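Below are two complexes that have chain A in common, paired first with chain B and then with chain C.
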Partner chain A sequence: MMNIILFLIASLLITLGGVLITISVHLIPVGGAPAAMAQATGVGTGTTQLAAGAGLTGLLVAVSVHLLSGDVLLSIILGGIGSAIMISIVMLISNIGYIYGIGIPLASGKAVRDPMTKDRQDIYVSKGTEGHGIPTAAFLSGIVGGIIGGIGGSLIYSVIYTVLHSQTDFVFSTPAALTISILLSISIYFINAVIASYNIGGTIEGYYDPKFKKLPKAIIVSAVMTFICGIMSLFIVIQQGGAL
Partner chain B sequence: MNPTGSRSEQKTKEDKFFLLEKPALEGLLISLLTIYAAVLGGPIVSFTAGVGMVFAIIWAADAVRKISKYGLGTGVPSVGMFGIGLACIISIFAVSVNAFWSPMIGVVLALVIGWISGKLINKILGMNIPSMEKRIAEITAGCTLAMIASFIVIAGTLESTIVFSSYILTGISALGFIGIAVAVFHAYNANLGPDEAQDRTKMLTVLDALLLLLILGIAAFFMGYGSGATLAYLIGAGITIFMSIAFILISFYKFWTYVKRDAWQITETGLLPSEEDLN
Partner chain C sequence: MDPLIGMGVLALVGAVAAIAGYTEDLESVVGSQSNPNSQVQLAPQMKYPHRLFNKAISGEPLSNGLAAVIGAVIAVSLESFYDLSIITVIVIGSVAAMMIHMILATTSFFGRISSQSRFKQPIYLDVFKTNLPVIAAYAFMTTACILIICYLMTSYLEIWIPIPLLALILGITVGSIGSSVGDIQYGAERLYQNLEFGSGINAAYSGNIVRKAESGIRSGVDNSWFSSKFGGPTTGIAFAAVLFMTSWITVLFNPEWGNAVGWIGLIAGVLFILATILINRFLEKSARRNFGPYREEEKTEIVE
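After this line comes the complex of A and B, so read on.
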């Protein structure tokens, strides 16, 4: 049995991971169904799908690095980079589709000038739409979001795995410990992605979007929910640590 | 097809206690009964848990249908993934606490945590969707029951050691996770629109749940066969497979009947036009 201080620290670290995931979803340019028809800025799919794609890639990278090197810190950082690479590929390919497939310039509907390049945006936005494609600022915001989200997901995974491994009567095989940690961290990932998605109402362009100011509300909800889920996950891990 | 009536009438309808609604009552009672029948009867009757899984999924899918009517703004799948994320943790937690009482513990925990999360989302995030708390609690509870039922379909029991070694560590948990989520949200997501009809959506839910049950049954059968399980376990898995195939055919036929009933016209597209026709 682990002592209560370590238990608290672990659950707080899991909560931090959940909050990081929530922040990351606010940074990724999600367009939802309108963006799939090139009528809103962002990637043309929902937050849940984007979170699944980027988050699971990050977890995959983190788990493989952890398995090969055994270094927790390295796996957390590389998990973030893996997520960022995945989200960049998604944004790049959708931009190619928007530019060469639909034939539209990349323009933000929320900002008059791009916050990064200072290029004029409003004159390129087609009438009746809220921007289209993924302009520079949204793209960079998405990469940062990917890094933060990947770090959050890998952090949750690493904490659960470390707690599982620190049990004195630890008898899990390595794949077994990995499976449990991944299953629990994926569940927490989805919960936080959906909370953030409800806060932004399904679409957001990036850090310069007015909806980004609603972030503190999502952090409160996410922290509460992740704390509950984190305590339950830690209980499962401690209860089952020596059982198999 | 939207129920007409004034806003106050709809509000009183939404304020009803969830057990007074037919899908919730059916889903809760039938799935609990069938899960306990499978727990008490041993692996040979594990197929009854499959029936329970279908009813639990119907309950959750009905709640998804009712909440998504208000327009979440994030797509129907989001609420399904939220439910399954919570349900996955809660069901494993419940099984870890106590094997026999895990369905009860799971449902109560899911209702409480789902209600809390719905309240937080509604009040703090400002979604302001009527009955959000109740519906998220129902979705989470339905998903939890479906998850626990799928434990029995695969493991044949609720003993946490066996559930962990045969369901979670083999990776079938990933199939159960996404399979239940898809069965819960797919039906309404595919049928939504002004001509959405409850019986058609429900039949598609049944079809989705049975397809998942078929895959789980096949997985259970071959996993048991490979690891030298008892004859009773193999018979239970075999009955799951044949039962789900039979009901898949029936439910697909009924779904197709409903589609033809609701469609204004069914035309055949014919072959692709030749190049001369296009010019």
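After this line comes the complex of A and C, so read on.
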């Protein structure tokens, strides 16, 4: 039987991972469907979809580093970096699309001046839109969001995998253990991305967006939800390990 | 793993990923899946009936993830139960995924268009017959490329994630990139070529999409011709760059050789991110300098 204190620590770590994912979705600039028509600032896709793409890329890096070195801390941090690399490439090439494909400058609709570069924004916003592209402040916010989200996803994976592997009568092969822990972490990732997406109403420009102030509510919801999900996942994992 | 072989395999993964991203974007453009679908869906309600193929099976990441998983499960099962070569199982798996994708595209097309009958939007069977094979071909290519990447990664890059799960992750990633990078040109330029170039789409024009092609009336295939020149290639580059850059830090600085090497890989990743920030800043400034503002800067103080 698994030690109850270890069980609590594991579920709290999973909760922390879930909260990090929720924070990350609030930081990544996403414009939803309007951004695909250059009507809103941010990446032109849904919040959950972009966050999932970034989080899964980070998870892939984390898993491969974990398999290669066995170092949990390194794999978690490199997971964050992998996620940030994905999001930075997507934002950069989206901006190339906005500038060279549609011929518009990058501009934020929510801030008069860019909080980082102090560039004037409002006069570069075309008529009838709420900004377009990903200006520097949103870009940096997205990268920080990518790092935090990647770390959160990798943390959940690492905790579940470690718990599964620490079972005394562990019966699974490594690929099977990997599958269980990756699938559970993907599920928790999606749940938190959707919670955050509801909170921001589908679009956000980054840390300077007024909607970012709604973050505390999402953190509470996410913490409660992920704690329940974490306990359920740990029960699944412990039963699969055959310890109960 | 020999780093030289690793880099060679990685280059091959990048090349295949570029094709996967390209075909994924064009598949979504032909069927107008993804975010610009909102405009195609809205057009008949604004009294602009059209001849575009309208399918939105789901968000692009999930529909591509589904196709990739179906292909991967069939390929892996065939490989373990029959003595078939990997190329054969990849083709059979991709064909199966393509068939499922065609079924979903068909039901989605007829369901979406027939729900708009009250707005007098006809169902054009010739559009269905000419566009569906193109969608199927692109779906086949995307799934096959994802499966090739999965086999290369598990065989040579020492990522021992089971292939169906890896296919799910890569399918979701390619859909996510295709949805965010490639569709901008389709949604903001191709659908609104009647508006002046060099501006975001004014929300007042929503639904007023262009319905005439270079010759005749526009359908999804005409849009894929346009997107194949910019939207598709940028998606391909983005997906290839994501796979290459995320694997590169672990192949060249393999953590297997010691944790210190792994931490150097971390520094390499951070340097790459800093480089993208600088390139983005340069692009932003050059665009502002070359395009200029839309209206003159007022002399009055700004009220923040």
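As a working rule, the second predicted complex is superposed on the first by the 242 of 244 C-alpha atoms of A that agree within 3 Å, B and C clash if a C-alpha of one lies under 4 Å from a C-alpha of the other, contacts with A are read in each partner's own complex, and residues count from 1 in each chain.
FYI, a contact is a pair of C-beta atoms (placed from the backbone, for glycine too) under 8 Å apart; a residue touches a chain by one contact, two chains touch by 3 or more.
In this text, all values refer to a predicted model and were calculated from it rather than measured experimentally.
Chemist: Given the superposition on chain A, are chain B and chain C in a clash or a fit?
Modeler: Aligned through their shared chain, the two binders clash on chain A.
Chemist: Examine A:A218 and indicate which partner it touches, taking first as chain B and second as chain C; both and neither are also allowed.
Modeler: First partner only.
Chemist: Have a look at where A:T174 lands relative to chain B and chain C in the superposition and call it first, second, both or neither.
Modeler: A:T174 contacts chain C only, not chain B.
Chemist: With the two complexes superposed on chain A, say which partner A:Y198 touches: chain B (first), chain C (second), both, or neither.
Modeler: first
Chemist: On the A-aligned overlay, A:L50 touches which partner chain: chain B = first, chain C = second, or both, or neither?
Modeler: second
Chemist: In the superposed arrangement, does A:A33 touch chain B (first), chain C (second), both or neither?
Modeler: In the superposition, A:A33 touches chain B and chain C alike.
Chemist: Touching A:L12 in the superposition: chain B (first), chain C (second), both, neither?
Modeler: In the superposed model, A:L12 contacts neither chain B nor chain C.
Chemist: May I ask you to name which of chain B and chain C touches more residues of chain A?
Modeler: C
Chemist: Who does A:S187 touch here: chain B (first), chain C (second), both, or neither?
Modeler: In the superposition, A:S187 contacts chain B only.
Chemist: For the superposed three-chain model, which listed region of chain C (9-17, 117-125 or 261-269) is the one that clashes with chain B?
Modeler: 117-125
Chemist: Chain A residues touched by both chain B and chain C?
Modeler: Residues 32-33, 46, 48-49, 52, 175, 179, 183, 186 of chain A touch both chain B and chain C.
Chemist: Along chain B, where are the residues that touch chain A in the complex?
Modeler: Spelled out, the residues of chain B in touch with chain A are 72-75, 77-79, 81-82, 84-86, 88-90, 92-93, 96-97, 113, 116-117, 120-121, 124-127, 160-161, 164-165, 168-169, 171, 173-174, 177.
Chemist: What residues of chain A sit close enough to touch chain B in their complex?
Modeler: That would be residues 32-33, 46-49, 52, 175-176, 179-180, 183-184, 186-191, 193-195, 197-199, 201-202, 214, 217-218, 220-221, 224-225, 228-229, 232-233, 235-236, 239-240, 243-244 of chain A.
Chemist: For a test of understanding, state which residues of chain A touch chain C in their complex under the given definition.
Modeler: The touching residues are 32-39, 43-46, 48-50, 52-54, 56-57, 59-61, 63-65, 67-69, 71, 74, 77-78, 81-82, 84-86, 88-106, 112-113, 117, 119-120, 123-129, 131-136, 139-140, 143, 174-175, 178-179, 182-183, 186.
Chemist: Write out the stretch or stretches of chain C touching chain A in their complex.
Modeler: 34-36, 38-39, 59-61, 157-162, 165-166, 168-169, 172-173, 175-177, 179-189, 191-192, 197-206, 230-231, 234, 237-238, 241-242, 245-247, 249-250, 254-256, 259, 262-263, 265-266, 269-270, 272-273, 276-277, 279-281, 283-284, 287-288, 291, 293-297, 302, 304
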